[in-house]
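I've put the structures underneath this note.
You will see subunit A twice below: alongside subunit B first, and alongside subunit C after that.
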Partner chain A sequence: MSTATDHRPRLRARRDVVVSLSTVVLLVTCVVAGHLFLDDTALRPNSALRLLPPSIGHPFGTDHLGRDLFTRVVKGLALSLGIGVLTAAISTVISAVLGICAALLGRRVDGVISWLIDLSIGIPHLIFMILLAFTVGGGIPGIVLGIAFTHWMSLALLVRADVKQIRDAEFILVARGLGRSSLFIACRHVLPLVLPQLLVGFVLMFPHVILHEAALTFLGFGFSPQTPAIGILLSEGMPHISSGMWWLAVLPGLALLLLVLGFARLGDRVRTVLDPATSNG
Partner chain B sequence: MPRLLLLRVLRLATLLIGVSVLAFALVHNSPIDPIQAYIGANVDITDEQLARLREQWGLDRSPIEQYLAWAREMIQGNFGTSTLYEAPVIDVMGARFGASLALMGVAWTMSGVLGYLLGVTAATHRGRLADRLISWYSYTLSATPTFWLGIVFLVVFSVWLGWFPVGLAGPQGVPAEDVTFAQRLHHFVLPSITLSAVGVANIAMHTREKMTDVLNSDYVAFARARGESDWQIFRNHGFRNSVVPAVTLQFAYFAELFGGSVLAETVFSYPGLGSTLTEAALGGDVPLLLGIVLVSAVFVFTGNLIADVVNAAIDPRIRSRA
Partner chain C sequence: MALTVSGLSYGYAGGKLLYRDASFRVEAGAVVGITGPSGSGKSTLGALLAGDLRARSGEITIDGAPLPRRGFRPVQLIHQHPERAVNNKWRMRSVLRESHEVPQETLDLLGIRSEWLDRWPAELSGGELQRFCIARALHPATRYLVADEMTAMFDAITQAQIWHALSGIVRERGLGMVVISHEPALLDRLCDEQIAVESFRD
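Moving on, here comes the complex of A and B:
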């Protein structure tokens, strides 16, 4: 229980956000810089450098074709980030549109949308993604559509609940009385109010999206084997672990874990600051 | 209560129809021609035979007619013939369902019990070392790719320590019926631990929050003032209030559990439904793919239904609302 004048928890929460935001920005900058400036010659197959353990010259070792694993991992993380931003953005837009529609357009629309939410929650995500990748034929469209269509539900529920609370507020009733359309009200009055929620939702979605892309690619439904995606690196490393080449399978996953952890932390802390109900820790 | 149950079951039926339409539509629009996938590399087939196959499979009719015909067969329990295994889909799934169920059942129970206990421990030691460790563990595990955790376990326990074999439900080269129970168990440990370790995170974090709310409540403060010990407070107030959300959450976790088992089974080449699903989708085996998708949907919807019913049975507020 904090008194009205005790701002310390709030300030600490804000400081935490700044810390994790800087960590994420630093990580992303490193990955993007590495993607742009790392020497591509390290990616050429070189039979003299096959399966070397980690060393100063090759911090993550080399793979079965003699390519530098560190360079490949950085390229893979850059790919994960790109897919993550694109997919989480699409998913956030779906949540916003469906959540606002469910709350503003009356019972029947609400019923249909909540049925759709139940349906999408019911199919195991990975299985829906595999099915969609099967239809679209894998590659980037399959990944993006599959992941975007399976991550919008919880955010849509939150948006719907938020909008339901303000739906009968005076300023909305006045707007309706003035003959404004639902579309106008949604864009002009509702959207700005749920924007923080959407932003947090976007950041919280990011880790899941990246993890699912890696899983899908690992199973063989995502990126093609020529792409240095993390999932590809791991599935290529799998056959070599029984002969002791642990770095091939362990290090790419560890790098991905750090990136995902950074975003998960950031999302949680931003949510804590924006939602005072959870900031009692 | 019966009314609630009926409503839920009806909803489940509409959801299942929804899934079947969706799955059928997706597969129907895939670039893979089922006939082509079926005949494979067999080039001796004549155009006439192709046309007859097309007719036999009903591919010359409209999509809606095809769906209805397919749904009618499904309801009668006829899932078609797997093109990869050249056996009825129902047999292929039946042989693997048990293996998957055992894996998921053990992981579900272990992660539920362990997760709940860790969550309670964290809440009662809030801010102290135990809480920090548990929170850190849950946090890290929820950011860990399931399949990568499996790979790390393989590297550590199978390759370095040599405690466990590198995959499959039994030793390689031994016929399935000759595999002993002990060998089976030996191959079962790592996949189930992987799946459990991932599942713990979710439930531990939720129980920690729930339990903290309970411990900060006025009625617990009053109980403490009456002189109840920590154990009495847990037994009389904490347990009942925190175990229901935990059970509900665990039933609602079926979808992720199934997804996780696809990954764990693939990493450990464990012959369950999940690894077969991957095979079916990569090999263009449409009947098998559709069969497993439907089975998984039934599985998950049932889990969600149980979660709802358990919630309603225990919490009178939800019961009266329905």
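Moving on, here comes the complex of A and C:
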């Protein structure tokens, strides 16, 4: 009855954004601070400290070469964060450019881009990703390009649909009548209107990238074994699970899960607040 | 010097033709009224004249040259709903600047106050917004104006003010104007000539 009741779901959604945003910021701060301040000597092999279970000195225990697992996990997550930002940014830009071009530049361009989207969706993305990473030669470029070039389609489709709804708006017809180019219309009229969609896409892309980076590395197509990437830690830890040394795989896995869930939740909550259709519920 | 329409035909996909072989001309400096009941194709004719739609057949020429496909169009359309014709994420100053640096004199004639320039579209009334849309359409290169039910949404006083200001500017610049409306009193007052859209039907 009262208007106060009507605002409650929206307020709750906003509070959720604040909560999940703080979680993510806290996690990221910890990882970045750890990456900057943790002592690198803990990463040197030390045969006296091999395969120790978690303790005060080594919160995550040590691995089969006597390296401190906590330090390795923090360094690995820092690497994942960097790659996540870079890859999500590249794929968001691809989605935005192709989605806007498809909707704005006429039927022929739309046909070509839609065909490209269907084609890319049609190829099993894990295989495509491995092929791309392998072609570029593994390492950071292989991972970044492999994931970015296989994960732009759904956001591009969303952007294309959004832009199609506004491309015949009167203010855009007026802009064309005043002689404004498609580039001007795309940058000044269309981009600000699809920016919320892009922001949500970027945040939701992020956990995806981190998981795929770990998967690629786990399968041997990502980083070299010396890099303290989460995928490497997981693949090194797996054989030891059966012999009772659970911390080698479980603790890095949990750390990864925490970061990924934090970002996924944040993206979800931001979408709820920005999208009027879902925020009314 | 005239906006000429010859042999124009247009119909929406799957529907009957709205006009068959329509021809008329609007001399520079003349005001021509287009009348007709709702749904008879008045606004579609306005969109065709402004180049927002392309005719099935026939020709529209401006002072002898065909309508330009790209770049600035010398026929400017003023829409019925100003709030849809401006991007609500732009301040009014930017809305004007998308067209040209509108001289202070034009702003004064149209009754646009300088403090409105820094407002968002949502902070202005429909009548105030429409004045901006008119100022925007009065680009130095504009030769003809098409006013599509431009003041149908406003009260009598606002209507009178807007038309008074615009008529003065149009006369002074020697622009041709097409007034689309279903209000006989308004057309009788403004127009040198009136055309009923139904006369283009067959």
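Operating definition for what follows: the second predicted complex is superposed on the first by the 274 of 281 C-alpha atoms of A that agree within 3 Å, B and C clash if a C-alpha of one lies under 4 Å from a C-alpha of the other, contacts with A are read in each partner's own complex, and residues count from 1 in each chain.
Heads up, the rule we're going with is that contacts are C-beta pairs under 8 Å (C-beta built on N, C-alpha and C of every residue); 3 or more make two chains touch, one makes a residue touch a chain.
Note that the coordinates shown come from a computational prediction; the quantities given were computed from them, not determined experimentally.
With both complexes brought onto subunit A, simultaneous placement of subunit B and subunit C is permitted, the two fitting side by side without a clash. Applying the stated contact rule after C-alpha superposition, one finds that A:178 touches subunit C and leaves subunit B untouched. Once the two complexes are overlaid on the shared chain, A:250 sits against subunit B while remaining clear of subunit C. Taking subunit B and subunit C in turn and counting the residues of subunit A each one touches, the greater count comes from B. In the superposed model, A:93 lies in contact with neither subunit B nor subunit C.
Of the two partner chains placed around the shared chain by superposition, neither subunit B nor subunit C is touched by A:199. Contacts of A:145 after superposition on the shared chain: neither subunit B nor subunit C is touched.
Once the two complexes are laid over each other on the shared chain, residue contacts for A:170 go to subunit C alone; subunit B is not touched.
Superposition on the common chain places the nearest Cα atoms of subunit B and subunit C 15 Å from each other.
Residue overlap on subunit A between its contacts with subunit B in one complex and with subunit C in the other: absent. Contact residues of subunit C toward subunit A in the complex are 50-52, 70-73, 76-77, 79, 81, 84-87, 89, 98-99, 133, 136, 139.
Interface of subunit A with subunit C (complex): residues 169-171, 173-180, 189, 192-193.
Residues of subunit A that touch subunit B in their complex: 115, 118-119, 121-127, 130-135, 137, 207, 211, 214-215, 218-221, 234, 237-238, 241-242, 244, 246, 249-250, 253, 256-257, 260-261, 264-265, 280. By the touch rule above, subunit B contacts subunit A in their complex via residues 11, 14-15, 18-19, 22-23, 26-27, 29-32, 139-140, 142-148, 151-152, 154-155, 158-160, 166, 216, 255-256, 258-259, 262-263, 266-267, 277-278, 281-282, 289, 292-293, 296-297, 300-301, 304.
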